[in-house]
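What follows are several structures.
What follows is chain A paired twice: with chain B in the first complex and chain C in the second.
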Partner chain A sequence: MSKGKARVPEAGQWPDRLAIPALAAGTVLTSAAFLLAFLYAAPVNGAALDAPELVGGVMVTHQQLISQKIFYFHMPVAIVSFAALAFAAYYGIRYLSTREARFDTCSRVAMEISLLFVVFTMVTGDLWTRFEWGVWWTWEPRLTTYLILMLIVIAYFVMRNAVDDPERRAVFASVISIIALVDVPICFMITRLIPSSVHPVITREGGMAPDMALTVVVALVGMMLVAFGLYRLRFREARLEERVQALKEQLDG
Partner chain B sequence: MNPILADIYSTVIPSALFVIAAYVLVWAVLLIYVIKVVRGLKKTEEQIAVLEEAVRASRPPQG
Partner chain C sequence: MARLTRQMRQGGGPFAPSVSKPSAFQQYKTLLAKDLRQEFRTREMLTSMGIYALLVIIVYGAALALTANGLDIMRMGGGLLWVLIVFTSLLGLGRSFAHEKEQGCMEGIMLVPLDRSVIFLAKATANILFLLAVEIIAVPLFYFFFMSGEPVAPTFPAIVAPLLLGTVGMAGIGTMLSTITMNTRAKDVMLAVLFIPLIYPLLYACVTATTVAITGTEFWIDFFVMPLVLACGYDVVMLLVCWVLYDFVVSA
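Showing the complex of A and B:
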């Protein structure tokens, strides 16, 4: 490698060997989180009952808000979507500074993973909203900023399909990935700036109980591993597709 | 039914469908995505093998 040339990620490097174990470990941890959510983490209490009632050997004094269990997947997938967007923007910046097409491939794959997790966040959040509030959508600050984030990610792929010139496409894509990352702290901080009952600021409200925190951490680590495994598999596929294209051009030439 | 139990189940039973849907959707979409990527990988590897063979065959014999 010549001096000063950027090191580029490639399929077949050591992270690829971790892709399948990461996916397997992620599956185990998310399954464990699912079990912890229902069997270990205490249900959140709703309104007080007129009188306590013994159910399954447990004295129940309040309504049980089972819909809150969605939170144990909802929060981790949201954090993973932010992390994937951070990687997409990082590779976008690397592309803009080096004009090395490989970084554009990395950014595109990271963006694809982030889209997957953004959709998970929206769907799980909407299912909770639908049950608790009786509506599929409400113009609440975080929902609105996260919707904008999802639209930016979708716009990224619409733009990629609309621009034919690879270099222009990569430049535009890199800029959009950076814009998407700018929306991440806005999404994160918005409930601190504009208080919302739908998205409470957990740290401000005394933090999570240890059983809830453990469940969230297990789900978060599991989702991170799943996202990493998916990223490496998809990156390998993208690199092979580029190799197929190069071979076809070689044959045509 | 005991009115207290009915009060307890009034939040548990209707929400079960939404909770199950949330978990099933996440896992099902992840599974479909993994299957799509793995199948895509296999297909692309097969294409590469065929194309490499074609490139070798198209080269003029050396010597």
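Showing the complex of A and C:
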């Protein structure tokens, strides 16, 4: 095991000073990506039209998919949710190897962030499903695997509420966070394994055009920063709560 | 003299009775035999799971009463069969640690200086055996009630493969989760909440393979092997993860 005492994350150090700027920068970048998606990235061709038509001064031969703009938010949000899950599992492993309660707090906060982004992914994905495929839900492989990912994350919090002993709760939560990570590669790979899936594999279809790639990168960086800022703020709050609890116990005892 | 020092290094003095530590495999056999003996004496799990499976079939009878004739039961059969297996195994897995807890058997096992993963393997094997025993009863019953009116595809016996793979994975994941939930409030609900999402990929693959085998269309083998490979991979990954993490869970 580690030599001496493991370094534990603590609130109020240098990353916390970055939290507010990161949140602000993330908001700006995400808003910029929103504008880029509509003003800069070229519209994507849908089904072919019977005859070329003049739309907004440009001749088009295909339907222009406005709903495709959701992609610029849907994919970055999903990637951030995976990243947050990876952090939750990492802190879960750290907890199991050091038994330091702080890592459990980190794992829980990362899981909360991941739940937030999983819900965003489901909402943006559902908008797409409704407007492009005409149904609210379809049992398509990636939708299904992502839905069960959401259910596992929800089950994680249900399980935390059902255990009273804090040490035992931390062990179980760490184990579930590690198991939940197993579903991430499945969810990621499923469109490659089952090619009938309606989710595109972008690398298989020749990659993205530069204007699309730029928009996606801006949105991704912005959302990563938002997630980081939220994580640090929530972590500080959790730490303050723990300290208040410890003080209360000291005063009572 | 050399022999004496060796004995002393092993922890016993020259006159201490020599106690050889049983091998991990012997410990595994003893734990498994304990579970099986308990089951043979009480017949608690098998009767409750068997009756539950029969009741689910009866509920299917009511659910399909008005549609069964006009319905392609062969295409639905695989899915219905797996629903039956999932709910029956939930019942069995919830019970599998309950009496260990009630009778204080778990404390006894934890006092023995053995590798904790041996407990996992023994318990998972016992659960696999119980589930297989229930499936041996439930699958013919299911066939008897719902499928005997239709001609059987020659590929029907191939459903054994997905059944085996699904049972192994479900018992492995379920053993791990029932160890967790035995220490939580509202055990049974917690087990279902954790179990169903975690076995879902396996369930999906097994239902696909079973349905393909039951309908037995042309080129069925292409659609049969792929889900089985996926199910096998999921089994291996999940069993390894559970095996590694079990030590932490059971000691908590």
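Methods note: the second predicted complex is superposed on the first by the 248 of 253 C-alpha atoms of A that agree within 3 Å, B and C clash if a C-alpha of one lies under 4 Å from a C-alpha of the other, contacts with A are read in each partner's own complex, and residues count from 1 in each chain.
The criterion applied here is as follows: a residue touches a chain if its C-beta (ideal position, glycine included) is under 8 Å from a C-beta of that chain, and two chains touch if they have at least 3 such contacts.
This structure is a prediction, so every number in the text was calculated from the model and none was measured.
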item	value
Combined model on chain A: chain C and chain B, fit or clash	fit
Partner chain(s) touched by A:Leu233 [first = chain B, second = chain C, both, neither]	first
Touching partner for A:Val244 - first (chain B), second (chain C), both, neither	first
Chain A as apex of chain B and chain C, Cα-centre angle in degrees (nearest 10)	120
Which superposed partner A:Val171 touches (first chain B, second chain C, both, neither)	second
First, second, both or neither for A:Ile79, with chain B first and chain C second	neither
First (chain B), second (chain C), both or neither touched by A:Thr124	first
Touching partner for A:Thr145 - first (chain B), second (chain C), both, neither	second
Partner chain(s) touched by A:Val221 [first = chain B, second = chain C, both, neither]	neither
Of chain C and chain B, partner touching more chain A residues	B
Superposition-derived minimum Cα distance between chain C and chain B (Å)	25
Parts of chain B lying in touch with chain A, wherever the complex brings them together	2-5, 7-8, 10-12, 14-16, 18-19, 21-23, 25-27, 29-30, 33-34, 37-38, 40-41, 44-45, 47-48, 51-52, 54-55, 58
Footprint of chain C on chain A - complex, ascending	96, 144-145, 148, 151-152, 155, 158-159, 162-165, 167-168, 171-172, 174-176, 178-179, 182-183, 186, 193
Complex interface listing, chain C residues touching chain A	176, 180, 183-186, 190, 193-194, 196-198, 200-201, 204, 230, 234, 237-238, 241-242, 245, 248-249, 252
Chain B-touching residues of chain A, taken from the complex the two chains share	23, 30, 34, 46, 49-53, 55, 60, 63-67, 69-70, 73-74, 77, 116, 119-120, 123-124, 127-128, 130-131, 226, 230, 233-234, 236-237, 240-241, 243-244, 247-248, 250-251
